Structure formats: structure tokens, C-alpha cells
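Here come two complexes built around chain A, the first alongside chain B, the second alongside chain C.
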Partner chain A sequence: MANKTDTYALHSRGTDPQNLLEPSLRHSVYLSRFWNESCFGVTLADVVPLAARLDRISAVTAPPTPFLCLLLKLLQLSPEEPEIAVFLTQNDFKYARLLGAFYVRLALPPPRVYALLEPLLADLRKIVVREGASAEHAIVHVDELIDRLLREHLVVGITLPRLPPRHVVEESFVQLPPRPQLLQGL
Partner chain B sequence: MASGSGDVSRRSWDVQAYERRAVERKRAESEAEQEKLRARKASRQQPHIDDDPFAPTRAWLRKRDHKIDFEGKVGSSEIVGSIQGGGFNCKTCSVTLKDSNRYLAHVNSKSHQKALGMSMRVKRSTPEEVRLAFQRAVKEKEESKQRKNKPMVTLEDRIAKTKENRKLQRAAERNMN
Partner chain C sequence: MAAARAAEDKAARRREAQRLVAHILAEEENVRDAWASVTNDELPDDEDREEDHEMEVALWRLREVLRVKRDREERAEWERKRSGEVVEPRKERGEGEGRAETNEAGEGQSTAKPAFLQKHYKTGPFFLETNEDGTYKEEIYNRDYNRGTEQDQVRRLGLPGPMQVRRGEFGKASRSKYTHLAAEDTAAGMARELRQDRELADVLRRNEHRKT
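So, the complex of A and B:
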């Protein structure tokens, strides 16, 4: 019961948002101590202090990392765009920002993914990332990871839903204007 | 014919009193029915908690305000009753769980939360609440940084301070005598 998705969740990808994370990852999170001890009964505002304490991006499941637990928590709470946009626009916690970015990539429709994630390509801060259980921790930059979120289907061991290329989205969805070029005014 | 069955004519009834009682009962019944109807109508018209028609009937689920202490008794010995047995005891539901995992599962369960008067649904945060939460997190981070940056107290400082304190204490004692 404690793992049920919010009643108001929009099933924008055609399925329960929690199903967007693979069953093996999901079930290991449900059994983890961090999930049961710290993530029980939290609202989106309560997720913030937990997200502020993140110190790496990793989805290793032995035991499940706080990042993975909080990502599943976001999918369970299933916030809509105005709420999750606060995670992306704040500048103080880079890992909280990336947590929001992963949620957006997983749960929101393609035009919104491009609209919300592209501004983050200007964030050049260093972050610690671990690709998987067999990989070492590595230092990369926020924009590198955002770029991978927009291009790839498997990032740090999390399978992402299909995202059509930008030009296809632009042609089929009227809501997405072309990406503003930095050199446009010159 | 049995002797007792035709024996009614010798008994008399206060017909009027019974009639009054019957009328009274009928009135009370219809009044109760009316009262029920009125209550049902009122409950339908009553604004729901938070003006949310889908809000749960029990309270919204809230985060635990304390950390569960699993390690506190490690290394200590304790006498346990034969009925209670060893393990983690939940006083609200009067059950004893054998290990910390089961205890956590119990505390997070619907039955336990129901006993506390809470539903299993969490309130949705507004963007403004999330923004405030980030502001609080920034403040907390700064405070913890300040705490870390406090100048270190060296051993010499502490010895000097203790000496000073003792001197003062002795002076005070002398004055008392």
C-alpha cells in the first residue's frame, strides 16, 4: 500500500508512472531500507531535503542508491510540470536538478522533455556518475548527462522510454518551437 | 375447549392509553426517519476537507517526525516478558515483530496507519511549497557549513580554560570560608 502511485497521477506515457522504471530496479527499491525508512509518507516538498543530500548519480541496486529510491518516489508522487520545473530551475543543488531531469525524461511527453531539458545544457558543473555495478565512479559534467538523456535510451543503467528526434517532434507537435541558437543575434 | 383460552372477557384494557402510546410511537418513528434524512442531506452539502472532493476520509499521510532507533539497544541486555518475547514491539497495535525489516513493514502498513487515524495518501505539494523547501535546504546547507568552519579548539586552549576555571572556583571557595 505504501508503494501505490498517487491517485492524481497522469499516465502520460500510457502506463502507471512507476512502471517506467524496470521491475527489477523497482522491486529492489521497495525492499530497501532507505525507501522504507526515509521515503515513507513524504510529499514532494519533503523530497527536497533528501534530494539536496544526494552526492552522486548511480542506479546500482545492491543496495539501491538514494538517487534510485528518490527517482521512484518522484514517479510515485507523479508531480506535474509546474512542480517538477522548480527542481530544474533551482541552481543550488545539481543532483536535485538531475533527479528532476531524469523524472522529466521518464514521465513527460517528448515536446516537454525537449523544452525543459535543453536549458540545462548550459550547466557545466562537475558531477560524480557511476554507470553500473561493474563500473567505477567517474567525474563528468551536468550538460554531458543531459545530452545523453536527450539522445540515448540507457543512461546509468536506467532504461528510458523512446524519445523521437527533435526535428520529428517539431514537425508533429506544434507546441515545440525550434531550439534558439546562441549565435542568432550575431 | 381449554379453560384458559376463552378467559379474555374478564380482563379489561385501557384502550385510550394504548392508543396514545401507539400514536406516540408512530410520531417518534417518523421523527427519527426525518432526522436521518436531514443528516444525510446535510452530509452531502457539507464542504469536504480542504475543498477537495477526492480527499481521503481519514487524515492525509504524513512523514514520520522521528527516526526509528534500531541500533540503540545493540550491546545491551534486557529482561523480556514471556508473553511479549524478544523483538520490536509496536504499542499502538500491541504486536511484536521479530526483526527490523518486519517492524518497518508493519509501521508502514495500512493497518498501523489506520490505527493512527491516517489514510495511505500523501498530500500533493504546490510549486510554491517546493520552492520554499529548496530555500530551507539552502539555509540548512549554509548553517552546516558555518558550523564546520568554526575555529578548532586546541588542547592548549582547553587546558588554559580549565586552569582559569579552577582558579576562579578556588577563589570562590576561599571567599565562602
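So, the complex of A and C:
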């Protein structure tokens, strides 16, 4: 019951957004203590304080990290674009911002991914990232991780849906705004 | 003696049990918070300090410049490819006028126009490794087999029908009535008939014109 996806999301997307995470990740999250204790029956408003407490980007499953649990929770709740944009536009919590970025990359269509994530390339704050169970925690910057989200298909062990390159999206979707000129303001 | 040892064992077991219970209680206390159970390891320092800001901005600017450059190059490459400008230049092959040029199917083609019903050979796809100067490593492939021999110098169209066959085919008991593919091309025949019909129609029209 607690692991069911929001009914509206199921109807509007036609497919279960939780399936965007791989079954092995998903099921280890369902069994984890953090998911069952802290993520039970929460709404999007309850996710915010949890996201604010995040201290690393890691999708390790032994035990599943809060980041992974909250990402699955977001997929389960499936917030609309304006709601998730709040995660991206706020400046106080860098890990909450990246949580929103992962959700956008997983769940939204390519033109929205480019429109929402490219402004975040201006964020130069340091973050702790762990690539996988065999890797150490390392310091990278928010913009580096966002850049990887826009170009790669496997980031910190999370498989991402295929994202066409920007120039291809530009040809198919007229609504795509140009890439922000971040260097001009400096 | 034995009774004393048994009592000692019992006391030891009790101490061990108490130690275990204390350990489990301490652990439970430690992980009462679900966060603590997953986030209690040492992390590198990710604080963004004011005094590092200038350096961080400089580093970010470098990253951003490289990103923009990379994106621009990729886009240019993609556009060049799409407009079809990138045509891989055909490998320069060696000397001599009659050199066979290999096409994608690996089929050798002589530069000289073959005579009517001239015998021809296919190079095939194997042993086609080339040297740096473009010649084949397999020496025998450097010969041009698709040039006519002495017998191909004859104008076959002038010969009687039965003799209009490829080299080495004339006079064989096993000979088939088929000589070459173009002779069996019904489409070409239809085109010819159409043309003849049209010419005939023209002639008839002209004749009618003359009559009137």
C-alpha cells in the first residue's frame, strides 16, 4: 500500500514512474529501514525537510541511502513540474536541488530536462558524491554533476532514460529556450 | 571439584549474556534515528567557504568554458555530418592505369571498358589487406584480371550467332543457350518495342498527312 504510485501519476503518464528506477534498487529501498520509518505516508511537503537533511549523493543499496529513498519517493508522488521546480530554484539546500534534478532527468520529457537543468550549471558549490559501492566519497561540484546528468546514461549507479543531444531536441521541439549564457554575467 | 567448575561456568555464561544484552541495547540506542543508521560514516568536507569563493569561481569558469567549447564542437560536427560534407576520401591506390579499384562489395573493376561478352572475374572479399602504397599484400591480387586477352580483341557482334559467347565457351557440348544477362533482359526488349511502336506510329501519321 505504502509503495503504490500516486493514482493521478499513473493515469497521466500511462506507466508507473517508479519503474524508472531499476527493480533491484527499488526492492532494496522497499525493504530498507529508512524507507519504512521516515518515508511512510509522506506527502511532497514532508519530503522537503527530509531532502534538506541530505548530506551526500549516493545510490548505494547496503543499506539504501536516504537520497535513493527520497528519489523513489518523489517518483511515487510524481509532483508536477511547477512543484518540483521549487526544489531546483531554492538556493539553500544543494542536495535537495540535486534530488529535484535527478527527478527531472528521470521523469520529465527532454525539452523540460534541458530547460530546467541547464540554469543549474551556474551552481559551483561542493557536494559529496559516491559513484558506487566500490568507490569512495568524493568532492565534486554541482555543475559537474548536472553536466553529467545531461550527457550520460549512468550517474552514481542510477540508470537514466535516453536523452537526445540538445541540437536534436531543438529540431523536434520549438519550445526549447536557448542554453543560458552563464559566462556573460561575469 | 566438578561442582565448583560447573558453578564457575554458569557465572561466566551469565556475564557473557549480560555483555551481549548491553551491546545490543547500546546499538539500538545508536540507531534509534533512521538517519543515523545510514549516515554515520565519515564524509569529506563539502562546506563552501567564503575565502575559497574566488578560486572556486575561477575553476567553475574554466569548466564552463570547456563545456561550451565541447558543445559547440559537437554541434558543428553534427551539422557537418548532416549536410553530407563528411565523405570519407577513397583510399589512394597504387600505380598503373589498369589498376583495379575496389568498391564496397569488394568487387574489382577494371578502368578499361570491357569488350562485348568479355570474360570477367570478381575479386571477392578475402585477402584484401593493402600495403602502405595501396598495393595488395597478396601479390596475385595486384594483377588486373579484367583486361581482355587476344581472343577478346575480336568484334563478337560481327560473328555468327552461335559464336557470340564468352571466351572458352564456344563449341562445348555442355553449352547453354544463354550467353549473357543483357540478352535476357525483357525490360530492355519492351523498351525497344515501345520505341519501335512509336516510330511506326510516327511513320503512319506522316503517311496519312501525305495522303490528305
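As a convention for this text, the second predicted complex is superposed on the first by the 175 of 186 C-alpha atoms of A that agree within 3 Å, B and C clash if a C-alpha of one lies under 4 Å from a C-alpha of the other, contacts with A are read in each partner's own complex, and residues count from 1 in each chain.
By definition in this document, contacts are C-beta pairs under 8 Å (C-beta built on N, C-alpha and C of every residue); 3 or more make two chains touch, one makes a residue touch a chain.
Since the model is a prediction, treat every value here as computed from it, not as a measurement.
Participant: Quick one: on chain A, after the overlay, do chain B and chain C clash, or do they fit? Just give me the call.
Facilitator: By the criteria stated at the top, chain C and chain B fit after superposition, with no clash.
Participant: With both complexes overlaid on chain A, does A:92 touch chain B (first), chain C (second), both or neither?
Facilitator: Only chain B is touched by A:92; chain C is not.
Participant: If you stack the two complexes on chain A, which partner ends up touching A:6: first (chain B), second (chain C), both, or neither?
Facilitator: After superposition on chain A, A:6 lies in contact with chain B alone.
Participant: By the touch definition at the top of the document, which applies to A:17: first (chain B), second (chain C), both, or neither?
Facilitator: Neither partner.
Participant: Between chain B and chain C, whom does A:34 touch in the aligned arrangement: first, second, both, or neither?
Facilitator: After superposition on chain A, A:34 lies in contact with chain C alone.
Participant: Under the superposition described above, what is the C-alpha centre angle at chain A formed with chain B and chain C, rounded in steps of 10 degrees?
Facilitator: Value: 140 degrees, nearest 10.
Participant: Identify the partner contact of A:126: answer first if only chain B is touched, second if only chain C is, both if each is, neither if none is.
Facilitator: A:126 sits against chain C, while chain B stays out of touch.
Participant: Output check: A:110 vs chain B and chain C. Expected answer is one of first, second, both, neither. What do you get?
Facilitator: Touch partners of A:110: none, neither chain B nor chain C.
Participant: With both complexes overlaid on chain A, what's the closest CA-to-CA approach of chain B to chain C, in Å?
Facilitator: Least C-alpha distance: 5 Å.
Participant: Residue overlap on chain A between the chain B contact set and the chain C contact set?
Facilitator: Residues 33, 37 of chain A touch both chain B and chain C.
Participant: Give the list of chain A residues in touch with chain B in this complex.
Facilitator: Residue list for chain A touching chain B: 1-2, 4, 6-8, 33, 36-37, 40-46, 48-49, 52, 77, 79, 82-83, 85-87, 90, 92-93, 96.
Participant: Spell out the part of chain B that touches chain A in their complex, as residue ranges.
Facilitator: Listed in rising order, the residues are 54, 61-64, 67-68, 101, 104-105, 107-110, 120-127, 129-134, 136-138, 140-141.
Participant: Would you mind writing out the residues of chain A in touch with chain C in their complex?
Facilitator: 32-34, 37-38, 53, 55-56, 63-66, 121, 124-128, 137-139, 141, 143-144, 147, 165-168, 179, 182-183, 186
Participant: Spell out the residues on chain C that touch chain A in their complex, using ranges where they run on.
Facilitator: 34-35, 37-39, 41, 43-48, 56-57, 59-61, 63-65, 67-68, 71, 74-75, 78-79
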